[in-house]
């Protein structure tokens, strides 16, 4: 039987331990920079996990997932602005609204596939972006400041360490949920549909309803990530759902390694650290990053996870 | 052609409706007529073979039977029910299973996963999100049985992309069987097989004949004449002859149009 | 001053229709280039917008250097063509035959690269391109009603290019390949055409079309970083509505989208005021206006997911 003690699994375990210890590290060196950076990484890792569910396991390449990030964030921001600070109302509503948008957009987009699907998800996300820009009551282009984080009674989210561990716990919960889903009956249908949709229909599966459900689940999880992001930055703006953010999410998933449980986490860590590091090198860091991305696409297609697993993927 | 009636006289088959009835099926693509007023039927329990040269429209016919293509005219009736406009997945649930001419399986999954999916499709809805389906005996056991039936038992955990072409063809049939069908539509199951593999497949089909109604499309004439209860000949989208194997063998028009090529007909 | 209320509305409507036609034709130039490249090389090029942007910046610079608008435009066109062919040789060649996701990611990297490069070379502020006197006039279309000469020029040039494109697609061997949706190397080789040269040429042609669109709109909208992506997404909407791989579909859809967007934006707020309160109309107006073309796309997706004039075998 296969051993679970592989190089790759050791790296993943080490990564998780490292993530758990970030607040201690920050306390030790006396400044919060690492804590703030890694809170953002963990939050975007949740979004990346949601995208990997439909992309890596389902073969649905959504170039519009930042829309659900933004929607989740805006629900929290708008409710906070309108005097509803309770997290017990904000977060569930963020999930529901993201889910509804995913349902609508998915129902329209999933009638197509391949390039069409990519373009359509991009177009709808752009539409949502423009709607956010036109919301003058909620700051339009300039965005909306959130003066109080989501209130959960005893749980104080404005404490950065508490908030970090909440995010980390949610990340692990989301990974657990995705793990169960992809190995369940539902997950097998999704994976079969990615592998050979024509055959799936021939053996008796109405694939559309399953893929749509998967798309909605992904949108809901991404909406959660948005709610967390709004709390983290205490600010929401249309920039959160600019199409380049959707591109960033795709990069995280591919960089980390598609279709593996922890790939998106690796990808989020790698991407955001790289972004941070390159930005320190030069103001024009995207001149390096752009071609670097192209190189990864051409030569390291299985992502980091693929490299760790011995390059068998890709 | 009223082969159905003569059949009923020759064999003790009940004269009730045929399992599959195709009436005046027509399909055109622009100016090309792929199916020209095709009428034929398949009796319950028989193995009905369809032969014809390349380009005769055999795959177009099967695609209309499975629902991937919509005919321009005509009807398809299965077990008395009009399925002409029914979607492919519903037809499968009705009991009409198909194997593909060009292997169409789940290459990145294991053999058992492939067949398990076929079982799962007919085991109620799949909106279960938590239980591990690979550990579900109600799916795994029937899947193993189907694999055993075609002779792939030892290959359960092999990733399909690593198997040989012949094993792929066996898998195609296992997946069709796993859906517990009433009728099998087999599209050139022996395509690309060597003589040993073909012989094994003929033996399997002889066994399957006893349990399932089969519509078989094939180029391999030896297999066709060894297996078929009735044969229909398709040329340029039209049925030019339909009846018992011996009658077909002797039919002059058929010989002219097709059987003269018998020696070259074994599909490579 | 001398016209009555409803006559003024009529004039405004005609003006907006002409603007819509002009915008639509610019969209067509972009969409045609995208469709050509996709049709022949099966390549999804997100960086098409970057070439649009380069055309604009080159025109601004060369016009300033040479003191002549026309000379500047011609040089800009040539420069964009050269850049396009260089990009094809250096980067695109390695992407042919790969997954569409690889194309999306790789060209996304190129977008980042070009945006940053432009920022490095030209600075973040953007560039203007002033019109020479002879183009700054107006033409009288009805008694007392004038329309800018330059906008007519755009319409004229774009229509001329469209006609030339029609000729090439309908009457040449290359055009036959486009119409056949041929991304089949053997078929191309069998016709005695040098594949590498053909691909470089086609990509260059697409780049030139994008550059032309970019430079022509610069006097109106200026050259700015990221301008390419906003209009690229609209070009995607055009292609989805028109049918991927179809130049005829792209033409009809671009005019349609151009008109809906321009006329819609101009008249929707007024229309809304007919049955909403002024406050609601001015709040909803901008949001709905920006959503119009996406709603149009959504309707097409429901009614005819393959587009209005899909190329036969895609």
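Per-chain residue numbering starts at 1, and chain names A, B and C are given in the order in which the chains are listed.
The working rule: contacts are C-beta pairs under 8 Å (C-beta built on N, C-alpha and C of every residue); 3 or more make two chains touch, one makes a residue touch a chain.
This structure is a prediction, so every number in the text was calculated from the model and none was measured.
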item	value
Distance in touch steps, counted as few as possible, from subunit B out to subunit C	2
Chain at the geometric heart of the assembly (C-alpha centres)	A
Geometric centre distance via CA averages, subunit C-subunit B, whole Å	50
Subunit A and subunit C, separation of their C-alpha mean positions in angstrom	32
Centre-to-centre distance between subunit B and subunit A (centres being mean Cα positions), rounded to whole Å	44
Of all residues in subunit A, those that touch subunit C in their complex	61, 63, 108-109, 111-112, 114-116, 118-120, 122-124, 126-127, 130-131, 133-137, 243-244, 247, 250-251, 254, 284-287, 289-294, 297-298, 301
In the complex, subunit B residues that touch subunit A	66, 68, 87-90, 92-93, 97-98, 100, 104-109, 113, 116-118, 120-122, 126-134, 136, 139, 175, 178-179
Subunit C residues touching subunit A - in the complex, by the definition given at the top	38, 44, 91, 94-95, 100-102, 104-106, 108-117, 119-120, 229, 233, 236-237, 239-240, 244, 283, 286-287, 290-291, 294, 297-298, 301-302, 305
In the complex with subunit B, residue positions of subunit A that touch it	180-181, 183-189, 191-192, 195-196, 198-207, 210, 213
